[in-house]
Amino acid sequence: MSETFEQFRARREAGNELVLATKNLGIKRFMSLDKVAYDDGALPRKTKELMGLVGSMVLRCNDCIDYHLDTCVQVGCSKEELEEAFSIATLIGGSIVIPHLRHAYMSLEFLFAEHEKKAK
Amino acid sequence: MSETFEQFRARREAGNELVLATKNLGIKRFMSLDKVAYDDGALPRKTKELMGLVGSMVLRCNDCIDYHLDTCVQVGCSKEELEEAFSIATLIGGSIVIPHLRHAYMSLEFLFAEHEKKAK
Amino acid sequence: MSETFEQFRARREAGNELVLATKNLGIKRFMSLDKVAYDDGALPRKTKELMGLVGSMVLRCNDCIDYHLDTCVQVGCSKEELEEAFSIATLIGGSIVIPHLRHAYMSLEFLFAEHEKKAK
Amino acid sequence: MSETFEQFRARREAGNELVLATKNLGIKRFMSLDKVAYDDGALPRKTKELMGLVGSMVLRCNDCIDYHLDTCVQVGCSKEELEEAFSIATLIGGSIVIPHLRHAYMSLEFLFAEHEKKAK
Amino acid sequence: MSETFEQFRARREAGNELVLATKNLGIKRFMSLDKVAYDDGALPRKTKELMGLVGSMVLRCNDCIDYHLDTCVQVGCSKEELEEAFSIATLIGGSIVIPHLRHAYMSLEFLFAEHEKKAK
Amino acid sequence: MSETFEQFRARREAGNELVLATKNLGIKRFMSLDKVAYDDGALPRKTKELMGLVGSMVLRCNDCIDYHLDTCVQVGCSKEELEEAFSIATLIGGSIVIPHLRHAYMSLEFLFAEHEKKAK
């Protein structure tokens, strides 16, 4: 069966530890750039995370989709907003994106359930 | 281990239910467009499903490959025909497609076995 | 030499006329979907156009970049906002996006000059 | 301005001459494979050329689209058939394919005009 | 959980057996071309395997990455050399490559451990 | 007609000036990372430029191909070495790369002619 969202988080964490332990300067700097890319600026973080989500969907990367969905829910995106991002990404990227759309909906179920639980 | 074809079908079904329950009009319409895109027209459905298969292989999406392989076998494509589609897709898309070619052959084993069983 | 922005607009217009004259229902409906996809909704049009821009940059399509840049400037995106979108798209898509980043800056020069002229 | 179809043919021809003059065995063999890939087999050449067209559209390569459109018209594809291929390719590949759809319609105008002239 | 490196090798082997059993001449020839593509020539095999690794990373195919990593370690690439290849691939392909970078580091842990064990 | 290599260089230069004049920190840093990525390290610059060439070909970006071909010739790659890189890139990326292979051969004609002239 496919991975749960929590297994994804653990796998991502373990992988990042290996990557960030590197002495390779190019990789270190690239990871640093990525870390701050979505911070508030002329555009708010929320818009940037939604851009990250759309970029991840049209390029069809489930791990990237899950990461940005996670942060999108954290910064307060509503289901309606996320679905509009899904809709644009599916239109731009085509039906080849549909498997990732299915994946995104499944992840969203987990994330909104978790979010509600925390809110209590 | 990797997913069986039947697990793929169940996962796809569950995901589609979530997607199709959306109120987002853009997603609803996109899914409707996709639903009728492979119907008979100036080109027969079989040719269209084979096109869908080639598109899925060159874009390297196993879920899409499995879906189109499933319908290709249902509409009566022979193994020789499917392999010619595989061959063209691998040539167009290059050796990066080979892992998906391996996947397609594995799926095909299941699908032809299932098809034969039903035929009896 | 490469095309001017106005030549791009004319070429795009001429192509769209041919496409929209089609009797093919699938193409007609796809074009209709695309026409309304960026309208205000739960997310404002500006955010959606910026998403369209990021999607176009990571997928490396100059015609799509130019179209979304044009609408982004029309709906009031500032240079700083557009550059943050460029920055995220280049990070997500990598150095292979740089030629499109150069192209986007060139188009932006034209678009802001045109915008200022109109504002007078 | 953009290239005419005849300029494309000349540029393609000139490039192929350089490629085919190579002594590199890998390139030589790859080009040979490509040369026979669309010949009649279990599937007729026409179906294979349409597959080549769909593959070229979803991967967004105008030179490849033009080459396959040229051969598609030669082997007798009707406008309706080609538009169904366009429709499927645009759906699979998404709105990022639209600039290539516009290009394909423009090429088709030239190709059908040329085809009619020859038929007289 | 995700597949171990040894499970990947077994799955790849099983898939290759199915592919190589084909009677389709196009597939047979493509697989033959691929088999000799990385042999020593004007460029040494090591450089070619590193090229294969970079190509696999920017095109984001874990199975291809794992295969080339395996051969890279066999032909004697050091960790520093592999990380420079990772760094260039991540820069070219962008942050969308990061999940594959994480995967590559995990595979490398296994491969260097295995390599050391054999060396004893 | 298509651009000459010298027109490409001028267009690239003009675009880079615009990009590098930005105050956007993300873009500035990304461009800096790119600038040093191909310097000698555990792997020599020549190998890295060849990797950049292969990455550019499989991702099908003519501007990137031309830039790396230019530097490859400068750092002393022979025609045989470059053709082995072409061969691997075409195999990995498939026949969709062929138009870029044609382009690369045309650029190479210019670059080797220029190189010889300078050598005198």
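Order of writing sets the chain letters: A, B, C, D, E and F. Residues in each chain are counted from 1.
Keep this in mind: contacts are C-beta pairs under 8 Å (C-beta built on N, C-alpha and C of every residue); 3 or more make two chains touch, one makes a residue touch a chain.
The UniProt protein names, listed by chain, are A, B, C, D, E, F = AhpD family alkylhydroperoxidase.
Predicted, not measured: the structure shown is a model, and the values here were computed from it.
Undergrad: Return the chains shared as contacts by chain B and chain D, ordered by label.
TA: Chains in contact with chain B as well as chain D: A, C, E, F.
Undergrad: Which chains does chain A share as contact partners with chain C?
TA: B, D, E, F
Undergrad: Going by more than half of the contact pairs matching by residue number, which of B-D, B-C or A-C reproduces the interface of D-E?
TA: B-C
Undergrad: Note whether the interface between chain B and chain F is symmetric in residue numbering, meaning over half of all numbers used appear on both sides, and answer same or different.
TA: The interface is built from the same residue numbers on each side, given that over half of them are used by both copies.
Undergrad: With chain centres defined as C-alpha means, what is the inter-centre distance between chain A and chain F in Å?
TA: So the centroids are 32 Å from each other.
Undergrad: Where the CA atoms of chain A average out and where those of chain E average out, how many Å apart are those spots?
TA: About 27 Å, centre to centre.
Undergrad: So what's the Cα centroid distance for chain A and chain D, whole Å?
TA: 37
Undergrad: Going by the touch rule set out above, which residues of chain F reach two or more other chains?
TA: Residues 26, 30, 33-34, 37, 55-56, 58-59, 80, 83-84, 87-88, 90-93, 95-96 of chain F each touch two or more of the other chains.
Undergrad: Which label fits the chain touch graph of this model best, line, ring, star, complete or other?
TA: Contact map by chain: complete.
Undergrad: Which stretch or stretches of chain C touch chain A in the complex?
TA: For this pair, the touching residues of chain C are 33-34, 37-38, 41-43, 47-48, 50-52, 54-56, 58-59, 78, 80-81, 83-85, 87-89, 91-93.
Undergrad: For the complex, which residues does chain D have touching chain C?
TA: Listed in rising order, the residues of chain D that touch chain C are 1-2, 60, 80, 83-84, 86-88, 90-91, 95-96, 98-99, 101-103, 105-106, 109.
Undergrad: Please output the residues of chain E touching chain D within their complex, sorted ascending.
TA: Touching chain D from chain E are residues 26, 29-30, 33, 36-37.
Undergrad: Going by the contact rule at the top, pick out the chain A residues touching chain D in the complex.
TA: Those residues of chain A that touch chain D are 58, 90-97.
Undergrad: Of all residues in chain A, which touch chain E in the complex?
TA: Counting only chain A, the residues touching chain E are 3, 7, 11-12, 14-16, 18-19, 22-24, 26-27, 30-31, 34, 37, 55-56, 59, 61, 63-64.
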